[in-house]
Structures are given as C-alpha cells and as structure tokens.
C-alpha cells in the first residue's frame, strides 16, 4: 500500500495536480509516526510512510493547509473521511484546494499494547489475515491483531470512505455491529454513585494539556472559549476537580452532533482518559432521541442540534441512564 | 469601573411592608462601584424619576440599578428617565423585588436578604453593561386583517378611515362571517343583515380596502413594521374581475345536491354558487369537490351561459406576496359540533339542532324561508327544549368540552325563545340552564322579558337524555328546584353549543409567532391593560379569536385594535430592539451553526481578509447579523462553539456575572 | 390468531349459548380462543371504591396469567369485560393499587397492566375485520332488522373501556351489517336495563327494560342482540315484549357463519 | 354522633371515592340522566352536595344508595368529572363495612331466584350489597 | 449566634422573558408563594441558556438549576424553545451519565398565564433539592466562601 501511495503522490506532484502532499512521516521510531506536509518528490521518497501505526487523522490539518496557495494531496483513512466531510459541511476546509485519496485501513496497532506483550525494539509491522508480523531488533514476532489493535479500531464504526477523489483499494463498508456503545451502556447501567466514582477517577487525572482539544478535528475554533480571557470561562492550569468537569463537559457539548467518533481524543490523551466515552454518550443519545445520525456521513444533512421536531422528547422524559 | 446608583422602591407598602428597604439600600451601598444608594416611596412617580435624574447628574452615574417591580412593568419608564439625563438607557437594570420578593415572601429577614441578592446580581450585570444604540426600521403603511367577519370588517373600516391601506384575507368566498348567518341580534332584536350588509358594502367600496376572498395566509416573514406575507388565492374557477354576480350560473348548474354550509347544511346548493345574496365580493365560486366539469371534464353549463365569460376551469391557486406594517388576527369562531354529546341525539335525530342551525331555520333567507319547521318532517313544532352549556364549562379533564363559559349562549337562547313565542304563541318553550348569565347593558332586562312577558319556561337543571320515539323527542331532564325528574315530549331540541376558536387559528398563530392559550384563543399582551395586542409586536387581536364575545363587544374590540394599528402605522420609523446578536469576526469560524437555528434568517456569511502571521493575509468566512431583522432570542449564541456570537444586553459574561452574584450569597 | 380467553361463571352455566356460539364462530374464523387454565369469578361488578383491593385480585390473576402466556386476553360477557378492563386500567394508572395488589398477590413478576384486554367484538372488528367477516358469512341474515342493545358495561366509562363512542356506538351495528342484516338504531340502546336490581326491585327492572324494548320496537326491530347474560335475562323476563326475541350476538354470528 | 366521628366518616368516604366533590357545578345532569331516579329518595346531585355538607349519616341511612344501578351514565355524562356513581359506591362500602349492616343476607337469596337468573346477578348483588 | 442551621438550597432559575418570567410575575401578583431560595435570571428566550451558565451555577455552589420557557409551539421566537429542549435533553442526560443527580436539573414549560404552575413547580423543585442536599459533585470548592 505504501508503495502505491508513494507512486501516486509522486505522479500528482509531478504533473502539477498538487504542490504539496499531506501524509505521515516516520519519526525516530517506526511507531512514532507524525503527520507531515511534503513539498518535493525527494521529501516524499525520503520520509513518506504508511503502515499500521499511521493512526493520526490528517483532516484537521487541512483547515490551514487548504487555505494556502495551490492544491494539496491528502491521504484519508475511512474514519478520517467522516471528519473531512464534517469540516466541509462547516466550511472549515476548502474542497477545491484538496485532492483526496482514500486508503484502506483494517485497524491500527497500538504500540503500547505491543509493548505490554513484551514486544519492543520494533522496526516494522505487517498484517496478514488478522495477524501482525512485527519485525524487531530481536527478530520477528507474530501476534493476533485484535490483541494489540487500538481500542477505537476494535469498535470501528465504518470502513467505508465517504469522501474521496480517488481510491486506493476498496471503498469499504459501514460496520453494522460495531458495539461501540457497549461501554456507554455499561456505565449507564451503573448507579449514579458508581458513575460518579468512575468519572472522578478518570477526569481527576486530567492535566489540562489540551492535547485532546488540539487533535480533535471538530475543535477547530479560531480561538477556544477556554483560551479567551473575554469569554469569562478561560482557565489556567487545572487546580480543582471542577475545572476538568467543566472543560470536558463543555468540550463534549460543543462537539455534540459534530463529533464523528474518530477517537483521536482518547488516542492522544497522555493520561489515558477515555474521553471518547463522553462523545459516544452524546452520539448514542442523539441516535436514541432524534434518530440515527452519523456526523460526516453526509455533508448536506442538518445536524441534530440545528433542527428539531415538534414532538421531541422532553428533558424530563429522556431519563438518562437506567439503574 | 462603573459609577453605579442604586434606587430601592417602596412601592408604597407593596415592597416596604415585607422588605427592609433601608437595609437593602445600606447593604448595596457597599457593593463595588456603587457610589449612591437610596430608597424612595414610589420610584416610578414623577418625583421618583426626578430623584433618579438628579442622582445621575450629581454623582456622574454611569449605571443605574432600580430595585422595584417587574422590569416588564417599568423598565421602559426608568430607561426613558435615564435617557433624559443623557445616560444610555441600556445602562439601567431592574431588580424585581416586588413580584419576586415582597409579594411572595412573608418573612422580612428572608425577603430582605433575597432583595439584596437580586440587587447584587443587577449591579454585577450593570458592571458589564455597554451603552447600546437602537437602530431604526421603516414602517410599511399598510395593515393586514386576517378574517372578514364583523370583527375584521370593523377593524378594516376603521383603519381605512384613518387613511391607511388595509387588506382583508378571508378564507370563504365572501366576507361577513358568522354574523351573516344570524337572524336577529340581542338585545334589540334588529336584523343582523340590516346592520351588517351596509358595512360589507362599505368595505367593498372603500378604495383603501382590498379584499382577498377565498384566500388564506400561507406564510409570514419579517417583524413589526415590516411583515412580508404570502397569501394563497385559492382557485375559485371564476375570474373575479369578469363575474358580474348575476347568479344565472347558480341557477342553471345541473349539480343540485351540494350541501350548503351557509345554511348549516340544512339544504343544498349548486356546484357553482354565491354563498348568499348580499355576498361581498358578489362573485361566484365553483366547489371543485362537486363540479362535474372539474371532476369528469364533461358539462360546462356555467361556462356556456356566462355572458361575461368569467368561468375559467383552468384556474390555479395563486400566491400573492404583500408587505404590511401591522397584522390583525380576526379569525373568529365556530360552534362546537355536538357529535360527542349524543345523549342529546344530535347525530341520529334531525330535529335535534344547534343554535346556529336554528338561526338558519328562523331566517327569512334560510332553507325554510323563515318559517320554523322541523327538519325531519317539515312540520311546525309545538314543544321546544333548549339545552344550555353544551360543551361549555367542562372540567379540564373532560375531553369532550371546553373549560370556559361561551358567554353568548344565555343571551341568544333568550332571544330564540322570545322570538319563537312571539311568532308562534301556540308553542311551549323550555330552557334548561345551569346559571343564566346576563351581564351586559339591557341584557338581564331582556332575559326577564323572555320569562315574564313571553312565558318561556326556564328550568334550573339539565337534560340527561333525548330518546326519539314515534315522532317525538322524549326529553328526560332534571328540575333541581322542584327535585323532580322531568319527561317532556318535545318536537325539537336546541343545543347551545360552546364557542370554539376557528381551526385555522392555531396555524396562523404559529406563523405570526403570537401565543395562544390552551383553548387556542390568542393571548393578549396584558389581560387588562393591553387586551387587543398580542405579546408579539405588530400583531393585534380582534373579536372572538381572543375569547368569547357578543357582537357589541366584538365591534368595540375591533375598533380598539384598529386604533392600535393606526398608532403604529402613523409612525415613520420604529425603534429596533438594540439587544440583538453580534458576531465577533475575530472569533468566528464561519461554521454556519448559528445560521441553522436563526428563526429570522438574520445571519449571513461573507469571506473576509484577516491579517495572518508574517504579513500574510488569510481569507476566512465569517458571520454577520442583520440588526434590523434579528429579534434577539439568542439561539445563535448557544449554537456557536467559539463564543463569537453573543447577545447585546444579555451577553454571556453578563449572565454569568448574575449567576455568580446569586450563587455567592 | 391466538388469544387467551376468559369465559366467566355465567357463561359456564346460564349463559352457555353466549360461549358456545362464540367458540364455534371463532373456529370458523380462524381465531383460537384458549381458555385460561385457571380462572376465578371476576366478581361481576367493578369495585369503584379506591380502597378496595381484595375484590380486584381475581381479575388481576387472570390478567397476569395472560401476560405470562404472552397473549392478549379476550372476554365475552359484558360484565366480565367491564370488570377486567377497569381493573387492568387501575393496574396501569393507580400506583397505590398496583403496590397493594402486588404486595398481596406475590406473583413471580409483579403485574403492571401489561396485558391488552379485548372484547370478542373488538377481536371481530380490529383483528378479524368486519370486511373479512362479511366474506366468511355463508348464511347472511338478509331482511332481518336487528336492534343492538349495548347496555352500560360495554361502553362506560368510555375513557377506560375505549371500545366505541359511548353515546353513539357503531361496533354492534357494523357487526349486524357484516352478517347481512339491517341494524336498527334507537336511542335507548345504551341506557341501563336495570339488571342489577332485578333481585331487589323487580318493578324498577321492568320499567327500565320495558322502555328499552319499546324504543327498539318503535323503530321496527325484529330481534334484539346483546353481549350480556344479565341484560338478556332481564330484557326477556321483564321487557314485556314477547314479540321481540332477545339473543346473544354470538348466536346470530354462528347462524350467519353456518355453524349454529 | 359527635362531630369528630362524622368528620372521620366523611373522610373515609372521600378516600374511597377519590374525587374532589368541590368540582361539582350543580348542573344536575347526573340527576337528569339517572335511570333509577324514581326509586330514589335522594338523587345523584344531592349525594354530592350532602357529602360536601357532611350529611353522610342521612345518606347512609337512605335506601337510595341501594337503588343505584351502577350504569355509569352519570359518570359518563358529568361535564365536571365528578363521577357520582363512585361516591354512591363509597357510601355503600362504608355502610356494609360496618358490622351487621349487610344489605343482602345469604339466607334471603333462595327466595329471590328463578331458574334463568344468571349467576352474575347474584354475585354482583353480593359484591355490591354485602361485605 | 447560630444554632444548627437547616439546609437551604441555592437555586437558579433561568426564565424566558415572554412566558415564564411573566408567569413568575403572575405568581407574584397572585401572591402564590414559593421559597426565597429560588432566584430568577431573566433571559430573552430559553434558547439563550448556554450549558455553560448551568455548569457555572453549579460550579459556584448552586444546588439546583431550573430552566423555564414557553410551551413548545408557543415560543415568542417561534422555535427557540425547541432548540433549547434538545440542548437540555442532551446536557442533562450527560450530567446524569457523569453521576450528577438528575433531579438537580429541570426544565419546565410555563406560560405567562400559569402563575400557579410557576409557584407549584418552584415549590416542588425546592423540596426535591432540599431532600437531595448540598451539591458536592459539581461545586468548585474554591468558589466557596
């Protein structure tokens, strides 16, 4: 796949269709992949990478990149295409300045899970028939994919590309039984006290590094309310438990109906707080109360908080979690 | 830092009896920014306002807090007073310590504490207040009246009299409404037609009035002074300008079996018809549900005989767009259909009729040419039983009826009883009542005449069951004063059915954003002091759409509504509400979230250049608000994730400052 | 189409006809009426007092049994229908009664009004459909003029019974049309026949039932149908119209379906 | 009877009844509709008013309460949802709950029967008239 | 000077100007009392109520927050309360999910004519919150005096 992508990138750069390529670049380690913009064929040949560690969602970078001179090539995994569409719906990226190539994804590996299995010194990774072959400095290891796959990929909602100019591989399909709400349901089934304890345990670890917000493709505000001294709610470092509550509830509310459930927030959280469970609660409630809605699936669709029905459920009837 | 003056109103003893006003003034004087704090007996009085103005001058106040009655009462008064002293009126805030404190709390300590807290919240808000300047919008000097009954007719005539243009939209082919169906009017017993039809002619001849008959309001956009209304002119298949109203077609049409709603379906008319002889406009209409030509393409009799060539089978509904400065709802009423009250046998016995049906049976222009005959066998009835309050005064849980008194039934029943006894002295007339309600000029005298002069039997009690057997209506009823159950063999039973708002009213209210009560009557802006205005600016109420009324009351209210409309149309400019949304372009993402929730389409987007880093320019899509269109609901402010959209006068920070002040306690 | 069926005491003895003809007709219509394995007398009159619990228990047992069998519950006798449907409504809406009944009964699963109660007439109208019924009629009762007698219990209180318009019902008339006869509409069809005081005050019962049949006869009826054994008894015995036979609606149904 | 005892009885009846008697607007439709009017000494609208006035003893002693046919017509037709039939039942229940006040005794039954009388009539009579 | 102090909740009520605030005025003029613990903040429409305000109130020590607006269908601005309804439905469900007592938040539709409902609602809400006790789960302790 990497070869095919590299080939197309070079062709498109070569024929002048695009003047830049947005992709992934290897860092110090093969699993330490970072998004990067490649401006020349040399850079592409030198640094471009696509492997089972390329989890980062590139669509958000287009907010800035698509406003620059010339067209840019971007590679989008299925889940990234939802974010891409949502950003188009919100006029945050300029479609004409983008050439999007959809690339297949069967789930990305979680380096930390590999390490927990004792697999270190990784130099390469390949997947075949649900098994990873991991090349390490100590030799090759094989491991069942589901054992070391990122959590968000284990409950992947869709392998379908919903937006692209060109596809490498198949278009893919929506995953029907993705079970992504299992944990939400589990929490809902708890008593309020248990839920409170759960979230206290999770959110109290927050260090307000803002990584979740910075990575989130729905958080593209020119200036975040929490950074704006005039908003009346801007805050400095976390001092007190409420701060994280406020920040995370408001952040989740701001992306409610817009979050595509890409899972980047939880992926980048250095404290491993399952932030996606907040977003998924909103998604589940929206589905339950107002009918199935997948943000980014269709850029023309009206968002659930931008419309209403006269007989919508009343807040008092919504009931929340059942004990 | 603002320089704030605080004024605590005693409201006589209304506030001062429960709130220690001196203590409140003292406590609030220590709040940051407060440079003056006092109490006074009546802040809204001339001298109270002078006190405030002097303080503004002497203490160079930049903000004012008045702790008094509800801002819905006197906010405007105090703002005007401040403005006279050169202070921006929007630097004045009210703490409501009457409705929310003194009137509902008894304990003085508790009430005083709460008053202080509400005062603090208002002070906290004023600290963040900014001078606001209200924009102006022009006024379209034309009014729309929805409904062409006596209410709409009177309102339109009065507005036109003052020199303004008026359009009447009437859903039926003619104006006239319910009054056109009525025979005589109480308490004078003059003929409804004699007094109504001249008015209808006045409407037709008035150059300022345009009638859209057989038309309905389709959509309403805009706001006070600047409404844009789409009117659907329903296809009547007759060209209005060509039809001379000769009526030949209505005699020659071969389709004779069309129920005639003007006569309460007690007789039939043709498929092409003019509702009644005095119709305005006197233009025929074809009932598409019955016209053979429209249904099968075969017939065309009316077209052949129409010398004016007015028939147009191809006519389609037409949408007309018109602009108005004010809109009057005069949508009227209908009598409740008593088909849920079949203990009285309405659905099964033709001789059980409603009062409006009886009007037609007694009207010279009605199906029996004014001779009272039983619908079943066209014989003269000798015994009539009237039942009052059918569907009125029901418990709120009763699904069949209405909780209110319909107000007009006692009087029209007395009228019916009297007229029948006068014309047919051989009849016995019984009226079963719960109470006889006759508050009105010459009303009780009228009712007493029915009893004393005409010998109508008024019985305190109700009818429980009507059984039709061998041509008689066996009426089983109670007589509560004698404690008997009565069994009367009657020939006719007349039901005084409840008045209910016309079914179209709910949809019209929604279009007008005018509020309604649970019975679908329009709500007035103030039950006592603003009875002909809707709370929505520029929307006025005329007639029964606001609540049950008789003709004199309807006409009074119609004229009152007209006076309000004239007052509005006489203005060249209206001051807009300055508390509108405002988008901070530096923060706006251009994401369109706000636009989706704006009910007025007040938000537009444009690409703007912004300075980027390193002397670059960035083009960004940003929202802007049309301040003349925005009504200031604030829906957009919550939809906006970046906080770029805010509401003047109710900004995020102002509201949060109030929250903080209240929670601090 | 399978339903749980609650016949009630009277239908096992004096009102056998009502039951037998219903079963025969149901079979002909492809409706399975499975009699509840155990049922007790419903009490024949709905206890209106809010603080009466004991007299509601047998109805709740029947309702809970039907619920456990995952079926709707069909009744035939007007009185049983009235009692069971009203008790069921209590079990849906009155928290206090629900609590006390369940505390008393100690069912495996507390009963909360889950069962849907249907009168056999409703089965004919809403499940089989009168149009469908009409197609299955082999022996239409053409020319017969039949007066439907509803009485009190089928229709009232209408908020709970919710079968038809309590003052101008049509279900029996539509039924009569479906079996090929002509319905006779008369005002007394929903007035009480006085059945409940037939022991206590036969004079009163006579006056009431006589008024009903007089009204029906005046409209030209040749037969009166009812769904209530007590009404049938009372109208026959006290109605004073030997010229006017009173029969169960199921008898005419069976006749029309050719299974009598 | 002392005032307090009467108050307790009224309260008991109102509890069984479960409707607010003050909803009644005294239109008399219940009495107009009542098929058992002729047999009664007091009539439905009076039941309501008497309970409202606390005159339950007079009512309890009256044969009227046994003449109600439980046909629900007054409940159905009352415009104020006052449900007089329920009140009458509440009074009946209060009476039969007092020992020895059973209106119908088993030993009286055989004399009343004929061969066609449905069980329903006897059962309902017992339910209504006895404890 | 104080003996055992009974718990008096802090309750913030956001009321829309056209219906519920007018309903509160009507409750006032009809002298239909409700506890002084309820403090009203006037907003133009229920759709002006930002979830941030509600969280802010809790942060600053409110024990209960109620939002009151026009009945659905009767919004002065046509549709504001419909949007507010969706927002609050989701927000309250989220708060519940985080283990914050559901009873602390409430939405009621109270018209300008429903003074009695206003008073009844506030009385009920104060009772509910009093029974629940102090809000500890959302309070920012630094904001406490």
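In this document, chain identifiers A, B, C, D and E correspond to the written order of the chains, with residue numbering beginning at 1 in each.
In this text, contacts are C-beta pairs under 8 Å (C-beta built on N, C-alpha and C of every residue); 3 or more make two chains touch, one makes a residue touch a chain.
Small disclaimer: the values here were computed from a predicted structure and weren't measured.
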Among all other chains, pick the one whose mean CA position is farthest from the mean CA position of chain C.
-> A
If every chain is reduced to the average of its C-alpha atoms, which one ends up farthest from chain B?
-> A
Rounded to the nearest whole Å, what is the centre-to-centre distance of chain A and chain D, using the mean of the C-alpha atoms as each centre?
-> 72
Which whole number of Å gives the spacing of the CA centres of chain A and chain B?
-> 53
Using mean C-alpha positions as chain centres, tell me how far chain B is from chain D in Å, no decimals.
-> 46
Chain E residues touching 2+ other chains are 51-52, 56, 73, 79, 83, 87
Two or more partner chains touched - positions in chain D | 38, 73
Residues in chain B with touches to at least two other chains are numbered 343, 465, 597, 639, 652, 656
Chains touch in the following pairs A-B, A-E, B-C, B-D, B-E, C-D
Contact footprint of chain E on chain A as seen in their complex | 184, 187-188, 192-200, 225, 233, 239-240, 242-243, 245-246, 249-250, 252-253, 256, 278, 281-282, 285-286, 289-290, 304-305, 308-310, 312-316, 318-321
Which part of chain B faces chain E closely enough to touch in the complex?
-> 70-73, 96, 98-101, 103-107, 110-111, 113-114, 117-118, 121, 510, 513, 515-517, 523, 535-536, 579, 597, 599, 631-635, 637-639, 647, 650, 652, 655-656, 658-660, 662-665
Note: in the complex, chain C contacts chain D through residues 8-10, 13-15, 41, 43-45, 47-52, 55, 77, 79, 151-153, 155-158, 166-167, 191-192, 194-201, 204, 207-208, 229-230, 233, 236-237
Given the complex with chain B, which residues does chain C contribute to the contact?
-> 159, 165, 167-168, 185-188, 191, 214-215, 218
Note which residues of chain A are touching chain B in the complex, please.
-> 67, 89-92, 220-225, 228, 230-233, 254-255, 302-303, 305-307
